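The chains carry the letters A, B, C and D, assigned in the order they are written, with residues numbered from 1 in each.
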Amino acid sequence: MVDLSVNLNGLQLKNPVMTASGTFGYGYEYDDFIDVSSLGGIIVKGTTLAPREGNAYPRLAETPQGMINAVGLQNKGVDYFCKNIYPKLTKYTTNVLVNVSGSTIDDYVECASRINELDAIPAIELNISCPNVKHGGMAFGTNPVATEEIVSAIRKVYHKHLMVKLTPNVTSIVDIAKAAEAGGADSVSLINTLLGMAIDAERRRPVISTITGGMSGAAVKPIALRMVWQVSHAVKIPVVGLGGIMNATDAVEFLIAGASAVEVGTANFIDPTITVKIVDGIRDYLERHNMNSVSELIDSLQTE
Amino acid sequence: MLKRFTTDFTVVAAEMIDCEYVLLTLKHPEQLPEINAGQFVEVKLPDSATSFLRRPISIHDVNRDNQTLQLLIRVVGNGTKLLSLLTIGDKLNLVYPLGNGFSLDKAGNRPLLVGGGVGVAPMLYLGKRLVEMGAQPEFLFGARNKSGLLRLAEFEKIAKVNITTEDGSVGTKGFVTNHSAIESNIANYSSLLVCGPMPMMKAVAAKAKAAGVRCEVSLENKMACGIGVCLCCVTETKEGHKCVCSQGPVFEINELKW
Amino acid sequence: MVDLSVNLNGLQLKNPVMTASGTFGYGYEYDDFIDVSSLGGIIVKGTTLAPREGNAYPRLAETPQGMINAVGLQNKGVDYFCKNIYPKLTKYTTNVLVNVSGSTIDDYVECASRINELDAIPAIELNISCPNVKHGGMAFGTNPVATEEIVSAIRKVYHKHLMVKLTPNVTSIVDIAKAAEAGGADSVSLINTLLGMAIDAERRRPVISTITGGMSGAAVKPIALRMVWQVSHAVKIPVVGLGGIMNATDAVEFLIAGASAVEVGTANFIDPTITVKIVDGIRDYLERHNMNSVSELIDSLQTE
Amino acid sequence: MLKRFTTDFTVVAAEMIDCEYVLLTLKHPEQLPEINAGQFVEVKLPDSATSFLRRPISIHDVNRDNQTLQLLIRVVGNGTKLLSLLTIGDKLNLVYPLGNGFSLDKAGNRPLLVGGGVGVAPMLYLGKRLVEMGAQPEFLFGARNKSGLLRLAEFEKIAKVNITTEDGSVGTKGFVTNHSAIESNIANYSSLLVCGPMPMMKAVAAKAKAAGVRCEVSLENKMACGIGVCLCCVTETKEGHKCVCSQGPVFEINELKW
């Protein structure tokens, strides 16, 4: 029996498959389809200090083997989360992470400290890479100085596992990852969406209300894989890989490239049971290759 | 909310209508679960370079004895084109039943079911359910012309069908709002249950408001997940953005900012 | 009869469709399939001062609706080009541009000045964005200061139309475009390939010899379209758009976004006649929309 | 170099062999252009999310009277899987004929055509052309086992077929280099024309060099364009990198760094 468990710098996962924020709701939306607790962890949707209505409709464009979204962090705010949603999540016997976002450092800090008080939340994913908000979001994640500043600020008030989610829309994601590490991050997750655009040629109008949005799906996998490989060989903290993982083979590729765990995002929209299939597929791969544990697979790329 | 499933159905019939619509009859491997009128399915498209996401399609009819459900689809883009190429024996994976459907309990004794174009799709199962419940529904369908009137024979088996066509080739000339059912007799109906193009639904909703008749509309926004997690298909309501997929697709018009 | 011609800051194109460097050889490879002279222009493959053998095989990976290549500027050098290839290109009655690349500024300058002497070459495309060479290439194109420096240096020795090809692997492609403009570029073309990676999961090895390579094809279109829209609204010089253009509708989208012309690249591999089909498709679009000239289409995006 | 075309062929026969290979017979709308033995086609795959580029496939046979050519394909990945699903009547777009093929003029009077696995594909048309030219070719085919020997009946109509199988189920046990034709009689042949797995071709090439017999090998590198512009399919030669697609796929072994 192969060992699928992963120790993510103190955060213990029963297997390396988690769900990407904004693609898995609060988990219970998938209770009809899978046993959510069988996953390594779930990362619930972006939460901000104050409630946010998000961007205007339309927010979606389909692209070649991908999609662009511009939700804009719609959520009911951290108070509502703590009061009304958190109690529904304590039933899960797996890691429930909260994706924390905001516009100002103070917002982030206040939101994170509130989440810090929730016993059943062992970690947060700090979102400094959302491309769909006017202020904050990606602005922090595209600058190493700003990245280290905000991560340090969160580190002071957040005392559990601090995962920082990075944007791919940068010249050197390695520099950003090092800044997050220097700021005290326990791990980094990458990639968030690529800034893209879709046009309705016949109407000569943007397809989505914000003109540009975040691209995800199978199309972005080669870029995500490259960045995971670069970052995992440049920082000491573990890397969580995501970006276009549609099946178990994709997930295995990210682990081989150096990711210690993966997040499955857009694929949940196409098959709500895909996450458990990916867990099974990773197990099958390890058995087929006579590996005893997933740790043998992580960072196993042979480049001579 | 009804339990949702992801199931491989088998195509047992695929009928093109006027080269513009396709009627798919899909068989469930076992017993169909409970399905509400006005709910929809998310269809996994056949493998294709140009289509990535599932397509939301409203449920046209449900036949428990045959373990089949029917989808009435207008072929408009890449995705629906692929669905129109399906043939008997093909497998089709559905995530279903999705959304909340129409409020049968609030429809009253004499509901008017208003459909425009392919918006008539959910009205067949809806009409059957209402009749089962002892109500006396009536249909009011609008189309561009005669050939735009879909599945008329099926609807007529259930209840009276009032018709308007823009070119006057059948029924009253004009839009559904020009029909006497709405223009003069709207107050005689216990409720209006509407599905069709946005301008048509807004026009009907305005008439319903003016007459003080309960009115529900079924919205059709672009969506990815169908289960309320991607938050792409939102519509503005008096309580803020709501997901058409999971909090709709049917809304009572006073919830909306219309 | 609609007018397809475009004046690209002095460079006159009979239509807005050109071919991307490295995907169209020297043009004559396509003589069997199309009338090359019917295109707005062709951009022949990357030429360097000294001959280059390029990278080791394998150089190719197929990705979801895209591909990754790592050719590494294989070419016989500018001398061979001037002596043996240039004479074969003078038969074409359309613009033949040379894509100029190198490792050092001196290489670039020397190569460009040699091309400057070729009467039948009205313009060069300065490639400061090749991701597949160890030195130079993308290194220049990811830094605004280095970009302005090299463009200015070329500007001194190159007296015809100077087009600068930009890399998308940056935080702000607008800053790079402005630097190219400040350096004296007559136009910018974007995007070059996105740095990507492919892994053979079963063998746990990179698919291509250089591990990472340049991603192109339909998958990258949304990113290219976004960058073309951003840059064309930030600089005064015309923008040539490329990246995942597979058909006429894609080309129309780039023109709507603000491109004055387009380059067709990877699509040539899948249909060697696609370029002429795209020219015809743009004409059909203009007629269908009652437009008299392609200039009405350029930058026609309605964003309210 | 022969003129190349891009043409929609029609599938007139599609035969699966051992669930691992597919033999496609494709009909040209008019007269076939001139095609050299050893040339290949670039096939446009059916629409699919997982396949983007064309697939290079060597030409197995050409029949001018029927205006057909045949492709013998091993089903190994997504792309070839899609080709194995083609049925009679389907259209298939080819860019062809590509590459330079074997040097018939230098093959001499008694060439040995060596094929390994699906590498026998180009040998049928090659054998026929050599016979037309008055040569007396001989075949030497190697396979893992009996079922790996493809199209034997067709080959035997043309010339003597020598066989080796790794399991000894037919012919000489072992590899083609263990067969007497190469082990002892190699000098009796005017040339060796080889297509198969890389280790097999290198082994045969070594024997040919030692015996001083002219030898040409057909390489199969991953490629995109097929016409010498993407420069992805290069192989190392004594004159530097050369494109397998446009400067090959056939190389005289002394050109290569073997």
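The working rule: contacts are C-beta pairs under 8 Å (C-beta built on N, C-alpha and C of every residue); 3 or more make two chains touch, one makes a residue touch a chain.
These figures come from a predicted structure and were not determined experimentally.
Following the contact convention of this document, no chain is adjacent to both chain B and chain D. In this assembly, the C-alpha centroid of chain B lies 48 Å from the C-alpha centroid of chain C.
Centroid to centroid, with C-alpha atoms defining each point, chain C and chain D lie 36 Å apart. For this pair, chain A with chain C, the centres built from the Cα atoms lie 34 Å apart. Counting partner chains per residue, chain D has residues 49-52 touching two or more of them.
For chain C, the set of residues touching two or more other chains reads 63-66, 218.
Chain contacts here close into one cycle, and each chain has exactly two touching partners.
Applying the touch definition to every pair of chains gives A-B, A-C, B-D, C-D.
Residues 61, 63-66, 68, 142, 169-171, 194-199, 201, 203-206, 211-212, 215, 218-223, 225-226, 229, 244, 249, 252-253, 256-257, 285, 300-303 of chain C are the ones touching chain A in the complex. Note for the complex: chain C touches chain D at residues 22-25, 29-30, 32-33, 45, 53-54, 57-60, 62-67, 69, 71, 74, 217-218, 266, 268-273. Of all the residues in chain D, the ones that touch chain C in their complex are 3-6, 44, 49-54, 95, 221-236, 240-241, 246.
Taken together, the chain D residues at the contact with chain B in this complex read 47-52.
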